[in-house]
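Input: structures, listed below.
The same chain A turns up in both complexes below, where it pairs with chain B and then with chain C.
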Partner chain A sequence: MRYTKEENNIIKKIKRSANLSRGMGFTVNILLFVVFILFLFPVIWILIMSLKTQNQIAMMPPDIFSSFTLENYKNLFQIGVEQGGTITEQTAQTLTQIKTAGFLNGLMNTLIISVTSVLIATLVGVPAAYGLSRYRSPGKESTAFIFLSFRFVPELVILIPLYIIYQKVNLYGTYWGLIWVYILISLPMIIWITRSYIDDLPFDLEQAAMLDHYSKLRAFFKIILPLAKPGIAAAIILSFIFTWNNFIFGFILSTNRLQPITVAIIRYLDITDLNYGTMAAAIMISIIPMIIVSQIASRYLVSGLSLGAIKQ
Partner chain B sequence: MENNKKIIFKNIYKKYKDIFALKNINYSINNNEFLVIFGPSGAGKTTTLKIIAGLELPTVGEIFINNQPANSMSTFERNVRMTFENYILYPHLTVFENLASPLRVKKISFEEIKRRVIEIADVLGISNYLDRLPRELSGGQKQRVSLGRALIVESDIYLLDEPLAHLDAKIRHKLRAEFQNIKSFLSNSTVIYVTHDYQEALALADRICIIDKGELIQIGNPEEIYNKPTNIFVAEIIGQPQINISKLNISREKDNIYLVNKDLRINLTKKFMPIINSYNKNEIIFGCRPQFWDFKLIEPELSKDFLKGKIIAYEIRNYRGIITVQINDEVINVLCDISREINEKDNIWIQPKEEEILLFDADTNNNLVTKNKEFGDA
Partner chain C sequence: MKRNRSKAIENKNEEIILNEEQLRATSLLETKIRRPYTLIILPAILISIVFLIPFLWGLYLTFTRYKLSDPTLSFNWGLNYWNMVKSVKFWKSILATFQYTFFCVSIQTILGFFIAILLNTETIMAKIMRKIIVIPLMIAPIIGTIMLNLMMQNKFGIFNYLLSFIGLRDFPWGASASTAMLTVVLVDVWIFTPFMVLIMLAGIRGLPKDPFEAARVDGARGITVLIHMTFPMVLPTFLVAVIFRIIDSLKAFDIIFGMTAGGPGDTTSVFSVFGYLLTFTALDVSRGTTLMIIAWLIIFLISRKLVQYWEITRSRL
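Here is the complex of A and B:
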């Protein structure tokens, strides 16, 4: 809307008086900046490390801003390597090839496993959350708590039994084996976050829909789901991040062919060299999909979707 | 079974956890009638509507719709339209979509949907808001959208739960006038209208059903409710200013009956003899509405029939004057036309109009006049 000049001045005065006084505002901003730096510091460190050569990384005192190189990133994607040279060099080249292939492979694996497990967890978890929220049955809260309790268990505790079972049922080293375990990570979170979100939606909305002759299914898809989008989006982001980050299950329960990226990155520390730079570059690249997913899903994290539905 | 009974309640009880929201509800609603359910908050009005709509099942008892047992009919099968007291609009849909939503399920062509939405929006005066979301609307606009969503589908039964409740007086007045139009639009359907505003009830209803604390108190047309209330509760809840109620003792002197207490003395004519004779207690409750009192500002000749008091307040409301009269410890309100001669601290002589006197049992609070068959056409 366009306001007249006088209205603009009045609006400015109101806004100014609603803000903190100047001194306070400055302090708050400084504090926010400090917190921001604290959180972002490791990422920035890795970023800088990925842009330096091995020598520069090892230098003491640390020389941060001198020179940047994209050499590490080139190393990641090296497919054709020079052949020949001494045995040591040849071994090094073979290992590099293996590492490069491993990196791309790992990226692909993590993508497949994370996306599939979060997808399945969403398809199963959102209706489950709806059921837990809206229907009555004996022992419902106990069931819900059991779902949540899957997250309480430390992964190391169940790892050995899981390893033995997986060997026996031939799930070891298969995609579905890893996806199944990753669902263990994502499903409880999706159910609980979505459930509490649906709990907040007024039940009267579904009663109104029933009066409009919506079937329960249609009411679920047309009324509940659109309004629960923020909750579901938040749950998906969190689940995706947790599954993407998971190290231990991929480390123990998968073979070389199926390693997720978290495990593949460790391979950059091996006999030939401790290539921190390339490892840092690999880490930076592996973060990118998570950033993309968060950005896309955060568009749905809007508050107040159900404002105006009922009289407050 | 009579053919003109649209809805029949039989022994309905409804319990929420430990509380009975409805007790012993037995009445019927006629075809094509405009029934107003009236009562204070928490009386069970919304619960009644929900049971008719099928959103709640009675704990005990049966409901019949169109003479069919309807307990097992789902909401889907019952052809009812309902508005909610707190609107319940779909917050993520525009006004157009909110109005169109019941039609979309029926697979009507988009042209037809558009036509009907625009038609109902015109009737309710919301044509300019079709693109807005519910959170961008004022209370009155939301109320109208909610009403439109209910009215857009033709149905046998309309359930309106306090449709004018949360609006300010000016809009309520305007909508109430529009409601008379809507009423003719609805004249081929049964409408059940819930309100706690007695003026709406008296203005719109064919019959009024008064409930309190889950129980049916009285059901009848507005004239009956107003002039022949079953008990003090009904007499007090309808009418403003409230009916004047006093506890008096019966005293017989020769052939006359007087109702007396330390401040008042009211003469009852022989008409009331049968009632007093069959009433065996000493105390009786007397009631007379403020508009049924005669008053004089100068001492009248037959002053012994009048009660003398002092004007302690004079207020003008709705173009009528309300005189508050104090007689020692009793306070009586009298309604009158606006007059400049009425001043506070003046003396005033008041007398109740004999034909409008109501008498109630001192213990049960029931109306003795209507319960007594010998008294005229009670």
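Here is the complex of A and C:
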């Protein structure tokens, strides 16, 4: 029922007052503020650190409220600025430039690998989920369970043999080698989430379509796909987040040229050039994409995270 | 799904009179053509087979002696397994893994439940936090580890500075055997409690309103409602989150590797980290794969038990 604006306000007031008394509301706010500090303090702190110069960071007690600067971010994107100086200084500069280029390279790599692997996994996984959902067959449930079990396998069980095999097959340090492995983590997730979503769509619609002489294929595209969009969206978003944030595949199976951002950042943070500000800036840049994704796609997160067990 | 279909067919038989063409169409539906099924699912199966090949090769490797520094393969029978069970480091690894899993999951569950209850209200902070609590979960675990590591440094780190106010000077965090496990558990709790919160909040919000109104009418106060009503009804959802966290903690790698790489004195060498060290540091592939197969077996059995338990609670509701 649609209410007028006034009725809406009254309803909200009733809901609010029915929920908590004034005192309880205050306690909840205080407690949640503590939670806010506990969970978001590291992010805020790194953000502040990334906006300060090395000198300001080194001061104890930390100097929070004075000037902010964007120079750390400039350092991250600055490549190829030659400066003279002593031999050690020049070496340090070259090393820094290599690291900087490696960092941006890492971002690019992660983007390429994540998008490609999730795309392929979707194209393969959604039809497979439809098949698992709609067709009868003796081995169906065990196949589905095998797909699910990939999620529960420690990655190194596969990665250690794959490390050796890749080198023999010349797939080590190639884009497709990495994409292939990333497909292996996205595929089970996409299949499982989409399947549980399609399971919930009543078969009557397809049956009605087929009574009207739709072929199965057409029924799939015109009926199931539009209806399953939230489920597919949840699956895609979740796989995207997982592949972006993944560390171990890139760590073991990629070379310097191909490392995703998670690996690049570990290599970025080694002993040369201990500029905490630049480190913090690098960290900020690598976490911002996923934070943005989570805000845009927040309503798909829960059903995705629980692999479709919980639908909102 | 099967229920829907048979109901639909029943309805159809009762209500609609079909002409011959429609009859043919529906009988085609009912014969469950096998071929399209295999066509659709074939790519996925192919990929899975390719997945199985390294697994089987790894399994084979556990019965051989194979080092990266000396890549000759010599068959070994069960010697690797026997040696592994005899080695102290293996049992330390089991201890570390189960400690890690136990602490992480229990803390995350309790914290997650309470935060979820708080977030279920309509206060200002609740509305803000519902959007923001996800953020630590979106940070790649390895990057989150680096972030916290940066803050745990002795000289520039803010944590030790803040701790000095309470009188804890120079807290060693990941560097000391007694505090390393605490440190990695802390990072895991920071990153993954929002996971629990999100799922539990969805579960609590999905509960029907009527029992709670009835309880309020009968005069039940907050705590009673919480313990005797919210908690049992939210248990299946609860368990989904718990099962996922247990399995993910058992195979955890990123956080521990990034923080302590096995920890001072093997205190934090969980399965995956230990396997990594065996394969890439000690260059002993056969031992590494042996450990990983054993770890996989343990995780497989535990996860199967957990899923069975979950099905029971679901059917009970």
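By definition in this document, the second predicted complex is superposed on the first by the 230 of 312 C-alpha atoms of A that agree within 3 Å, B and C clash if a C-alpha of one lies under 4 Å from a C-alpha of the other, contacts with A are read in each partner's own complex, and residues count from 1 in each chain.
Everything below uses one rule, namely that a contact is a pair of C-beta atoms (placed from the backbone, for glycine too) under 8 Å apart; a residue touches a chain by one contact, two chains touch by 3 or more.
Not measured: the values here are computed from a predicted model.
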{"item": "Partner chain(s) touched by A:D204 [first = chain B, second = chain C, both, neither]", "value": "both"}
{"item": "Which of chain B and chain C A:P226 touches, first, second, both or neither", "value": "first"}
{"item": "Partner chain in contact with A:F36 - chain B first, chain C second, else both or neither", "value": "second"}
{"item": "First (chain B), second (chain C), both or neither touched by A:W244", "value": "second"}
{"item": "Which superposed partner A:G25 touches (first chain B, second chain C, both, neither)", "value": "second"}
{"item": "Which superposed partner A:G125 touches (first chain B, second chain C, both, neither)", "value": "second"}
{"item": "Touch count on chain A, higher of chain B and chain C", "value": "C"}
{"item": "Partner chain in contact with A:R218 - chain B first, chain C second, else both or neither", "value": "first"}
{"item": "Set of chain A residues, in rising order, touched by both chain B and chain C", "value": "202, 204, 207, 210-211, 213, 305-307, 309-310"}
{"item": "Residues of chain A that touch chain C when the two form their complex", "value": "15-16, 19-20, 25, 28-29, 31-33, 35-36, 38-40, 42-43, 45-46, 49, 57-58, 60-62, 124-125, 127-128, 130-137, 143, 146-147, 149-165, 180, 183-184, 187, 191, 199, 202-204, 207, 210-211, 213, 216, 241, 244-248, 252, 262, 265-266, 269, 276, 279-280, 283, 286-287, 290-291, 293-295, 298, 301-302, 305-307, 309-310, 312"}
{"item": "Touching residues on chain B, where the partner in the complex is chain A", "value": "53, 55, 75-76, 80-82, 84-92, 101-102, 105-106, 133-137, 139, 142, 149, 166"}
{"item": "In the complex, chain C residues that touch chain A", "value": "1-2, 4-5, 8, 12, 22, 25-26, 28-29, 32, 34, 36-37, 40-41, 43-45, 47-48, 50-51, 53-55, 57-58, 61, 115, 118-119, 121-126, 128-129, 131-144, 146-148, 150-151, 156, 158, 161, 190, 193-195, 198-199, 201-203, 205-206, 237, 240-241, 244, 247, 250-251, 253-254, 258, 271-272, 275-276, 279-280, 285, 288-289, 292-293, 295-296, 299-300, 303"}
{"item": "Footprint of chain B on chain A - complex, ascending", "value": "202, 204-205, 207-215, 218, 223, 226-227, 304-311"}
